[in-house]
């Protein structure tokens, strides 16, 4: 798939980047330019923005702290060897329910978390954008409405689903009526069959799950082979991570994706406008500078606020875009507890994409008389041995001979997972740790989190439900283990500069040419996996930027 | 490149009844040269099997204590010392290289400090309860010492600074299983298929067993296809 | 009914050869599909056993068209295949759709991923073709209450329609990722219509049109063979993981049904 670059600027295409088939593709070198857009983070948000802006004719640089993966060489079919896909720079966690960070929420490398995520591709519901109006005030939490609606995002959900070729059912029973997914749903694995049997037995609606991996060939990518190592990098290239979809588009359109470049600081001029970033390049001791007309931060909900706070200057002593004092505040995860049970037949839970192909959104709504607001999705999971053994420790406090013996039944276990909405609490936050420093000498992020009473009741309900489903499907000895997934909220979106960090276009209230476009901007967590919403927001933001440019407002 | 390391299924020599695998004839490494393994995976697993690190971080007394702790957390009484899945060397390497996990609880110091503290604390608890060093204790007292750690606030000065239940359930046990269940011998015993690339799975339904899976030898295996 | 000869073989000998070929491709797909399910149901061996008998009988009948016991054997095998196919259809319906975890509530899903519903009925059709061939070889001019040419045209219409539907379901599952996947849903539909027309009121004109459509359908069938083979290569690992991709990829035999049906129609037009 080699491509020769032609045209007047062909001489500037002096770099190469990994293609997705073990080849190299030509890439433009923009290190000496004052580019239109410098994007920090080549993940879910950064990849979409990079591609759309480059395709619109802007000069774009995407800086990524991690490597640019070559799927044919870098993805190893092994749980432990996948550690390189996650942040290994240490963050500190605390609070009443300290969050574990790693494979559940912290990707590193081109593609970010879309390289290791479980590919569940759900749209938020229309109600999710007006939680405050619908469910009212919750004491101890700051529920708000989003400054945009589902209608604003709907065309972008469609656009991203088409670009990623989401494989989903012909009729999806939840959320607003929609057109058919671009590809058909996948065949179900044993774990998903357990969910389906259990739900049918209990009268709970269940449907095939929309996931971001191909069920049929598309362009130069083959369909999924059900090898089940999705969380450790897809060697098939069926998984529609940003790495194999938007990033190649960005590079072809002239963007430069610069890996192993850890952005340390966003810099600004005397007028308080962003003028570029300073970053550490692997193998170099000194800071480099990338000049840019606009800076978009897309480092996800811990690294983005951390960067803003680390960019404090004499003009902005509390960090950039922080006049509200809310950068880093309202840190949310989604509750993601898991339930397990044993079955008489071989499940071999490690096969096929973890979501297994089935899902129930029946509980993803505020249920009357439930005793809590908001809801959760029930999904399927398929942990591999190391992760499964960790669940036995976390959920049943097993160790020693008991643990080793229980693991012998690994192939007979089936598991369910939830994704539950979590309340935005100001006391949950990401700040700079007073003493800890990373390998670059930068203050590390300190993540403090505690569940709200509403969150706890929701989790309790979900655990009971999942265990009931497992038992209805024929499982015995069900148990549950705590877990969280995804992160969001730390640069919340709103229309008022006093109560939010960015506006509906993801533009920082304080700095007109600074944007934040990732999960940080979610004012509420929603009860569905966030990746599709992040990518739809990024697609919309790109269009809004293009609109502004056309009007001369940029 | 294509010939795998020689790791035969261990002949059961010690007390085997406790950990009777359902798949006694399954060996993941038999698939070394099949479409289930690709070059980068072979490299990674070969290094794991053949390049077991030497001890560079722990002192000899620390290593001895840790070996005893590991044998309690992930016992391998059914294997001779040379057959056992090595665990302490990999913990040692992690600490020597200071390879971190991406996050740390705020109540714990950095790992190079916390592990040394914990080993010291374990000996303090052993002394307080039984008047002996941990590695000199019999198996049952060793187990009881670790249970005290799991419950929290065991006797010992160190545990007044280092919360034992956090270290036990979030650091110690997790580090050990992360190493044990990454080893092909552990995969064999639980019937985990191991690497699979470029080939995937076809029989993904309940009871479905692919030709290259661990075949059903003991235990139920209804095919609900 | 005038009966012509082509390459020294009579029309029913040609039909016997086509029958052997058609049953052969079904045999192959049943083998792969049932192997994928580990022959978990004992009856999954039945189409392979019966298919083998039909193929043997058909080849014998082509070589020894006037031997009585051969013709009888062919007819018996034909009925056997017809019944086996019906039983298979029942199994595919019940175990492939109704008994699945979500059953009829997920009808479209299991139509795509459960057992391919109409494949067994293709075996039934081959069985009925065997009966027709046996009748023709013993000199009959009527079969199933209709004149030979009419019976064959109706046969083509019905079985081709079923094949189109089956291809449609599986190509829908493949999201029509290649434009060629629309081919079996295009011209063959017209072929079905014209087959019915010719069966109703044959004329020199519509038989010519029919022949053209049949040649096109034949071509589409061969294209299908090629595309399905390419489909295996397009999967991850291609022929390096041949067995796996055979089980997971497009069925290699069933485009041959389009070829076989076109062949049946062409025999009816040219040789009868």
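Each chain gets a letter, A, B and C, in the order it is written, and its residues are counted from 1.
Just so it is clear, a contact is a pair of C-beta atoms (placed from the backbone, for glycine too) under 8 Å apart; a residue touches a chain by one contact, two chains touch by 3 or more.
Because the structure is predicted, anything quoted here is derived from the model rather than measured.
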- Message: Taking the mean of each chain's Cα atoms, which chain ends up nearest the overall Cα mean?
- Response: A
- Query: A-B or A-C: which has the larger count of contacting C-beta pairs?
  - Reply: A-B
- Task: Would you kindly tell me how far, in whole Å, the mean C-alpha position of chain C lies from that of chain B?
- Result: 56
- Item | Whole-Å gap separating chain A and chain B, where each centre is the average of the chain's CA atoms | 30
- Centre-of-Cα separation between chain C and chain A, whole angstrom: 48
- Task: Identify all positions of chain B at which a residue touches two or more other chains, and write them in rising order.
- Result: 198-200, 202, 209, 223
- Query: Using the touch rule from the top of the page, what residues of chain C touch 2 or more other chains?
  - Reply: 236-237, 244, 248
- Note on the structure: Check: chain A positions touching at least 2 other chains come out as 187-188, 193, 225, 235-236
- Item | Interfacial residue positions of chain C with respect to chain B in the complex | 36-38, 40, 236-237, 240-241, 243-244, 247-248
- Item | Residues of chain B touching chain A in the complex | 18-22, 37-38, 40-41, 44-45, 48, 72-75, 99-107, 110, 143, 146, 150, 169, 173-174, 177-178, 180-182, 186-187, 189-202, 204-209, 213-214, 216, 219-224
- Query: Residues of chain A touching chain C in their complex?
  - Reply: 169-171, 182-185, 187-188, 193, 196-197, 200, 206, 208, 215-218, 222-223, 225, 235-238
- Can you list the chain C residues touching chain A in their complex? 101-103, 105-106, 108-109, 112-113, 172-175, 177-178, 231, 234-237, 244, 248
- Query: Which positions of chain B touch chain C when the two form their complex?
  - Reply: 35, 198-200, 202-203, 209, 211, 223, 225
